[in-house]
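One structure follows; several queries about it will come next.
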Amino acid sequence: MVTDEDRARNVRKRYASERRFKGYGLLAIALALGALAWLVISIVSTGYTAFVQTRVQLEIHFDPQVIDPSGTRDIAVLRKADYAALYRNSIRGQFTEVTGRRDKRALSRLVSSGADLELRAMVLSNPEIIGTRAKVWLTASDEVDQFHKGAFSRKSPEAERQFKDKHIAWYDKLVENGQVEAQFNDTLFTAGTSREPELAGIWGAIVGSFWTMMVTLLLSFPIGVSTAVYLQEFAPKNRWTDIIEVNINNLAAVPSIVYGLLGLAVFLNFFGLPRSAPLVGGMVLALMTLPTIIIATRAALSAVPPSIREAALGVGASKQQMVLHHVLPLALPGIMTGTIIGMAQALGETAPLLMIGMVAFIVDIPGGPMSASTVLPVQIFLWSDLPERAFVERTSAAILVLLGFLVVMNFIAVLLRKRFERRW
Amino acid sequence: MDTVVTEPNAAALAETNAMIVARDVNVFYGDKQALFGVNLDIPENQVTALIGPSGCGKSTFLRCLNRMNDVIDVCRVEGTIKIEGQDVYDPALDVVQLRARVGMVFQKPNPFPKSIYDNIAYGPRIHGIVTSKAELDEIVHSSLEKSGLLKEVEDRLDEPGTGLSGGQQQRLCIARAIAVSPDVILMDEPCSALDPIATARIEELIENLREKYTIVIVTHSMQQAARVSQRTAFFHLGNLVEVDDTEQMFTNPRDERTQGYITGRYG
Amino acid sequence: MPVKPQAGDHIVKSYDEELEHLNNDIIKMGGLTEAQIARSIESVVRRDPDLATRVIADDELVDELNYKIDIQTTRLLALRQPMALDLRHIVAALKISADLERIADYAANISKRAITLSSAAPVPPVHSIPRMSRMAQQMVKDVLDAFIARDVDKAIAVWHSDETLDNMYTSLFREALTYMIEDPRSISMCTHLLFIAKNIERIGDHVTNIAETIYFLVHGDRMREARPKGGEVEHLSLSFPSVREGDAKE
């Protein structure tokens, strides 16, 4: 006999169980969000400083004697001039008390070694400035940059740092004069990689990623969608198509590095395509993305209700017309979502591209899919290995940029799906 | 099981000028047989109702007439079905053309997710029946008029077809079917998803349509079959048990099984 | 090919129950009607005006049942949408009920005449009446049995037996006429007797209606045979010898 007391107890137990269940759910969400927050915060905290670059302002005398002694304004001559002398002269002129070759060299090294290129660029774009004096903001060296950002303290033992106390003294002087400033680090977004952190940028990697993604998209989307359409709508249901289907599903689970090995063996060794080219990288990634697109497309196609297909056939459409006019347009949101997600995954791939050699140290911005280049995740991987302290923040900054792209791409996927979703 | 046919003797089976003539039709789904030796004549410009309990094969038979069973891989059809003397399963016959001549309306209204205009215009467009926009407009208008929908939607032809009520959607589907000028219209339980008023409208529409078209309707409702059809065929477990004038079938059927079904003695 | 009649077994049991209820009412009405016939003839033979009065009053019960059956059949038609056999059954019940009601009316009419007959001396032709009425009664019973059992052969047999009833009527007619010629004082009573006999004959006709309805119920078709028209009372004409003055006095 079930008494009222029993019933009441059962009800209480049930409530308690539901509360616990909700609690577990909330706990899981909290853990996931917590982990995510930790990740984002730690990356942001190390990387946000990379978005500014310390610059030193020096008064530069564009000495014609140094730049263009013969006064011909010949481009070849202008190119070859020793622009470093300009800023060396300027800073030595400012710190006249500094003597001795070592110290003088150290002084000049407060400015980035790439500053001469900056000056050259100024002269080449506007030769009129030869002969004039101007206050120019030049990129500071990475040590100045890091010290200015507080990456290491002046109180730390001198033996443990490269930036010695004398450097700090010069730096303080410059700061007093307002000659040191942290400005927006456009170099990060306009330059290719470099050995010097202050000159290093991710633009080369971004362009490389762009070309690679282009190739991936142009290869995987048409092939993937056509394959899925054929398998879903036209292929006869027999043992062969079953085998194909199983294999495609398995391919989606294959580790991406295997695709890299495949690319190395087939594309590079057998076909002899250029190493490190986005073309090859794109082909490898296309192979990797193909199963994702095929599976997503098939899911989208099978979600189109059979009543639409029957209606089309009933009115006298051929199978091809039915698929092209009715099924594909309705499946398009799902297909696009799957493609964008596949692309986002491909964007973040590193291992297969390492295998086919997109690790090269590419300073120049790649011109097209056949030029040697690298991609953003590989760039991050390479930077993370370099010793300079300044690369730490830049690596994190690059990670943030990559994450930004991925978030945007997924966001677009969600938007598209919401926009094109149709009720039927 | 014997089938009962209305023809006075079996010899007359061979000669008949009915619109649709089915002889010895057997249908298999894989190893399972769904229809056993069906012989049925569908007369022209009349409404023929197919009734019977669930799973009796009436829908299967209906779908043989426009070869919609082709989309089911495991389905195999034997026997002959001739529409206006032409064998429907002739390998030389173009299925697409067949389906333009034999239209179909389904149980659940299924307009395309396009505008009302495009729903109706789709068929004529793909069959290349029209050469100008004016002709297309004409076809769309007359189809809507024939299906009794024109007055309700003529000022909003660009709106999506899926925005109409259930009954209107079904009439839209009927308009879509007649836009390609078929000879036969097949209807698979067209009113089962509709309320009584919408159903009555469709029945009235069927009444009007039968002047120009031959209609075959599968229905679960015997009352509907009684109201709407001139000939009724009763299917049971894949056999055509009896086919008769509707009046006769519902006042004095000749087979016990028919009697049992229509009086609700067994399903 | 006649359809084998099926008992009950509708999937919806209440439908069966309602049809059975209808049948029971028909049986009840038939029983009442038979009793009315028997009692009315009894009131004639026994010359019992009190019994006759009660018979006339009890006709109301039959009318009541008739109305009840009307309501039931209308309800069944509206709510059950009967088809085929069920439809014919319900329509048959409606028609049979009407026929039974008419038969009971005739029984009441007989009783009315019984009251008149009881006030005067009995006339000999009255002896044939009970035999005729028993036959009519039996016909009513048989035809209702045939209805319940859906026994077409029995119905056809009843249908044929109306011929016998008609023949009985014809001979009674002759007998009465003859008697009336012999003894003109009996004309009034004999005329009443004739009307009573006519009523019984009409009862027989209504029974053939019921038989034809049963045929339609089972076969869904009309009976092809011609209605039995036994005897030709309508064509009967006796030539009367002219009454001479001398004969009457003797």
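As written, the chains take the letters A, B and C, and residue 1 is the first residue of each chain.
Everything below uses one rule, namely that a residue touches a chain if its C-beta (ideal position, glycine included) is under 8 Å from a C-beta of that chain, and two chains touch if they have at least 3 such contacts.
Fair warning: this is a prediction, and the values are worked out from it, not measured in the lab.
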{"item": "Chain closest to the middle [Cα centroid of all protein chains]", "value": "B"}
{"item": "Furthest chain, CA centroid comparison against chain A", "value": "C"}
{"item": "Whole-Å gap separating chain A and chain C, where each centre is the average of the chain's CA atoms", "value": "107"}
{"item": "Distance from chain B to chain A - Cα centre to Cα centre, in angstrom", "value": "60"}
{"item": "Chain centre separation (chain B, chain C; CA means) in Å", "value": "53"}
{"item": "Footprint of chain A on chain B - complex, ascending", "value": "66, 68, 71, 73, 96-97, 99-100, 103-106, 108, 110-113, 122-123, 126-127, 162, 173, 176-177, 180"}
{"item": "Parts of chain C lying in touch with chain B, wherever the complex brings them together", "value": "1, 3-4, 6, 9-12, 15, 81-88, 219-221"}
{"item": "Footprint of chain B on chain A - complex, ascending", "value": "236-237, 307-318, 321, 325-326, 330, 422-424"}
{"item": "Chain B - residues contacting chain C, complex", "value": "222-223, 226, 249-254, 256, 258-260, 262-267"}
